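Report on the following structure.
Chains: A, B, C and D, in written order; residue numbering restarts at 1 for each.
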Amino acid sequence: MSKIAFLGLGRMGEAMATNLLKAGHALTVYNRTPEKADALKQQGARVATSPAEAVREAEFVFSMVTDDHALTELTTGPDGILSDLPANAIHASCSTVAPETNRQLAAQHATHGSYLVAVPVFGKPDAAAAAKLWLAVAGPAEARERIKPILAALGQGTQDFGDDPGAANVVKLCGNFMLGAAIEAMAEAFTLGQKSGIPRQQMYEFFTSTLFNSPVYKGYGKLIAEEHYQPVGAPPSIIRKDLKLMLNEGRERVVPLPFANIIFDRLSATMARNDENIDWASFAQRVSDDAGVDNYK
Amino acid sequence: MSKIAFLGLGRMGEAMATNLLKAGHALTVYNRTPEKADALKQQGARVATSPAEAVREAEFVFSMVTDDHALTELTTGPDGILSDLPANAIHASCSTVAPETNRQLAAQHATHGSYLVAVPVFGKPDAAAAAKLWLAVAGPAEARERIKPILAALGQGTQDFGDDPGAANVVKLCGNFMLGAAIEAMAEAFTLGQKSGIPRQQMYEFFTSTLFNSPVYKGYGKLIAEEHYQPVGAPPSIIRKDLKLMLNEGRERVVPLPFANIIFDRLSATMARNDENIDWASFAQRVSDDAGVDNYK
Amino acid sequence: MSKIAFLGLGRMGEAMATNLLKAGHALTVYNRTPEKADALKQQGARVATSPAEAVREAEFVFSMVTDDHALTELTTGPDGILSDLPANAIHASCSTVAPETNRQLAAQHATHGSYLVAVPVFGKPDAAAAAKLWLAVAGPAEARERIKPILAALGQGTQDFGDDPGAANVVKLCGNFMLGAAIEAMAEAFTLGQKSGIPRQQMYEFFTSTLFNSPVYKGYGKLIAEEHYQPVGAPPSIIRKDLKLMLNEGRERVVPLPFANIIFDRLSATMARNDENIDWASFAQRVSDDAGVDNYK
Amino acid sequence: MSKIAFLGLGRMGEAMATNLLKAGHALTVYNRTPEKADALKQQGARVATSPAEAVREAEFVFSMVTDDHALTELTTGPDGILSDLPANAIHASCSTVAPETNRQLAAQHATHGSYLVAVPVFGKPDAAAAAKLWLAVAGPAEARERIKPILAALGQGTQDFGDDPGAANVVKLCGNFMLGAAIEAMAEAFTLGQKSGIPRQQMYEFFTSTLFNSPVYKGYGKLIAEEHYQPVGAPPSIIRKDLKLMLNEGRERVVPLPFANIIFDRLSATMARNDENIDWASFAQRVSDDAGVDNYK
């Protein structure tokens, strides 16, 4: 049983924090909008009024926030994590951010005498709630070893990506990209089928029960077959940011990424036209648009 | 137990014919190069010296040949299927051909008093040998019903795509395209990872044991992780032809298909540079080329 | 002064035929819809009621029709050119068709004892009327030499592309592609400018009076700046066919053509949505669509 | 006659500074590597040892440096322009930088009581030497009016893009993009022609004497026809940076830019493989690579 602080209680963060609490840890939580902490409070979590207060006695700190800016503020800003974190404590940075952001924050942790381990997670909020996330872990070897037992409460498996905390984020960005590629591939196939007289649903059922019989293809494929993109797992703007970070890594490493460009452009076109209250997989509608069909619901 | 003719004994055809023989059917086989029939002969098949002779008493005829031209010759040429096929017999056209080719041949069968059912199959030769193919079926309803029990010997499932024989071929072409999209997506991800310091193998293992835990990603992903494209499942020129047929369908139906264009271009660049003795998934090497890395084996 | 037949009196054909008449040649014309020959008749042309009749005494035959099928019918069909063309006569095939079509018709001319020279032309109907076309010529050397003095009446210059009649068509297809590339480039630039606060017109004026000070950029750029695609020079479906023929040549010769793919897809998306009563450059509106701006007129 | 400082004496900067000197202005120059100032010194320029010293009495300051970082350092760093610039002086920022960089520096100038006007230029060093540049100007109206007479010595024309200094940079980035699009278009056309039997040179001559008869197509087209990319106008890494800035503007303004993505990827692949001692138009070799032809010199 450890002393853990959890910062950032969006849908993903709340579900993960709940699982840490269930696992028997002493949990202190913090969220900018304090009402989001209510449910956790009722289950026994202590609620702090600042990141600094939350981490004051922590052995482990988890953060799960929207973007690089929020993470940097949370970590190095006034009343941030580094203003009061005990020496030797470990910061598990779970947000989807640029690899370089975690590298820079890791260096500041090292100066402070603490550790940053990047722990991006794969799975939607329902997978987080069911402790069925997949986790990638990267950072200093000692810290990775110490945090692994804690991570067991969050998901169904953890893979180690070495000492560079940025590496885990590259993996996370690539994972979102690969989902996007599967979405575009299904959209092109189902739309061509539709215009050739084959119901989208029929093609969906065939492929997801044969060659592409996996939860990812089934889950996103259903949305694409029905062209009904509710409920919102993640809005287009959030995943567009992830694709942007991936393309930035490709620029930095000099790797042309034509599929990633197309997905990014699809998400841009989706943002340019729609409101945000729709799942990011709705970029598949651009394939239908360009083919002159309209199945939207 | 039925009288069946099997025409075209490449690696796929031979494996499928063997399974029909094992299922107890009376099998007559034909292949342009007759030596390929030897193994089947030893197992009890009769060997014919022309398509016409092979089909003379058949209730069902299976064909599995290289391309549209070969199928058309086999069906309508001198000494072809239609020169001697009994009335009411059913031609199961399994080759990967243009939807329109099967439509036209189906019309000639109808005139002849026989049936054509398109039965494209999904799976490599080892899946064919293990009777683990997936089959799509389309054509006249009566003929589809009559042939389904026969098909059970070939695979692990059959999906029905209605009366238009072309529909099953559209599905087949889309399936190969979706495989190509998965290959390109892994190639972009693994190459970006590699240039960011993450071993290709590590990324491969993570994704294929989590989000993309399916035989297709595992099988092709291994080739891409190792950049070793042997043995040859299908050479680049064969699948390039399939992508071309899919793009033709997109032209005809007016469906822009940007991912399909990229895969076709990758296969073209692969053909323009390499010999054919390499699996088609080797188009993933173009991603490495463009990133200036060389892992080829 | 020569005896010339002109077959195909669309806007391009009529303008070219008029210039041959003005140059003093004895002109016989034919058009499937005979009323289109009226103006030429008043100017002194003889009007024939079939291709065969038109060419009966011709030294030179010009054809300018919509597509490969129309050209093949006109040349080899019943009452077509080859049914009555005198030996040694030269057929100047001006339509935008597949290189292979002209190669095959050239072989049939050779058998007949006559010649086919491919003479695709560059320029809109107003350039044709002003005898300001540019001409590419390819075919047997002797025939090329004989026809060049006649071609002088049609344009401002002729370039020779050797003995293979298909070569001139490859050049023509590449020319239309290069126009398409200039259109897409301007559309991307003007739209980015617009969303950055720079009026489209301002950017248009700057570039077409500096780096891109040429009639092509001025002419198409004006349409794109104003997003007003009238009058119709050529509808999207016609130029989409040309891009298709170019991509076919790329397939045959194994040349990946990513820009050509994008232009073809833009034209497909335009066809899938709009009526045909709009200039092909209107595919530039897809750039605006994807950026969420609407300037259409 | 005005007092002018010129900072940054690369090939472009030196040529521009020389023309200001010839026009009779009192010129002070500064370059980090001082030897590059020798030729200007002999022609009468004063040589300063820091930016601050150079601008101390200036009415106008021109800067022409490599990138955003260098410009920001030069302007706001220790001993930079703003440490000693007289009130009301005008800084003509000529470098190809992000629109936002000039916007931010303009704000600092305003605080300082001076002005920044963005003046990106179009043309290679030889055009700069011949005073044949084209200039885009944007910034505060008063400053624009005051600097225009000075700019007359540098080029053959100036276009005004309003009050936002960033606007001129957007135009500059779009200009480089449009050059890249023309290069790719010619590369695709010439390579397809070559593989169809048409010499690259022949196609080059035809198009650049007809539809694309303009210095830009002639100049870059010659390199592409010969696949000989010497001398180096600008290396691939420099123009890749410009395309990156353009794509960044597209991200910010939410404008999908498919052609720009392709050109950026081509430049990345070129950087990943080649040394830098080659002109950026050499990205056209990637088209040849993908088609399996090798004409490099």
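What we mean here is this: contacts are C-beta pairs under 8 Å (C-beta built on N, C-alpha and C of every residue); 3 or more make two chains touch, one makes a residue touch a chain.
No experiment lies behind these values; they were computed from the predicted model shown.
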| item | value |
| --- | --- |
| Intersection of contact partners for chain B and chain C | A, D |
| Winner on C-beta contact pairs when A-D is weighed against B-D | A-D |
| For chain C paired with chain D, centre-to-centre distance based on mean C-alpha positions, whole Å | 38 |
| Mean-CA-position distance for chain D and chain B (Å) | 53 |
| Euclidean distance of C-alpha centroids - chain A vs chain D, Å | 40 |
| Junction residues of chain D, two or more chains touched | 250, 254-258, 262, 265, 268-269, 271-272, 290-292 |
| Of chain A, residues touching chain B in the complex | 99, 122, 134, 136, 157, 159, 161-162, 164, 166-167, 170-171, 174-175, 177-179, 181-182, 184-186, 188-189, 191-193, 195-198, 202-203, 205-207, 209-217, 246, 249-250, 253-260, 262, 287, 290-292 |
| Sites on chain A touched by chain C in the complex | 265, 268-269, 271-273, 286, 289-292 |
| Of all residues in chain B, those that touch chain C in their complex | 244, 250-251, 254-258, 261-262, 265-266, 268-269, 271-272 |
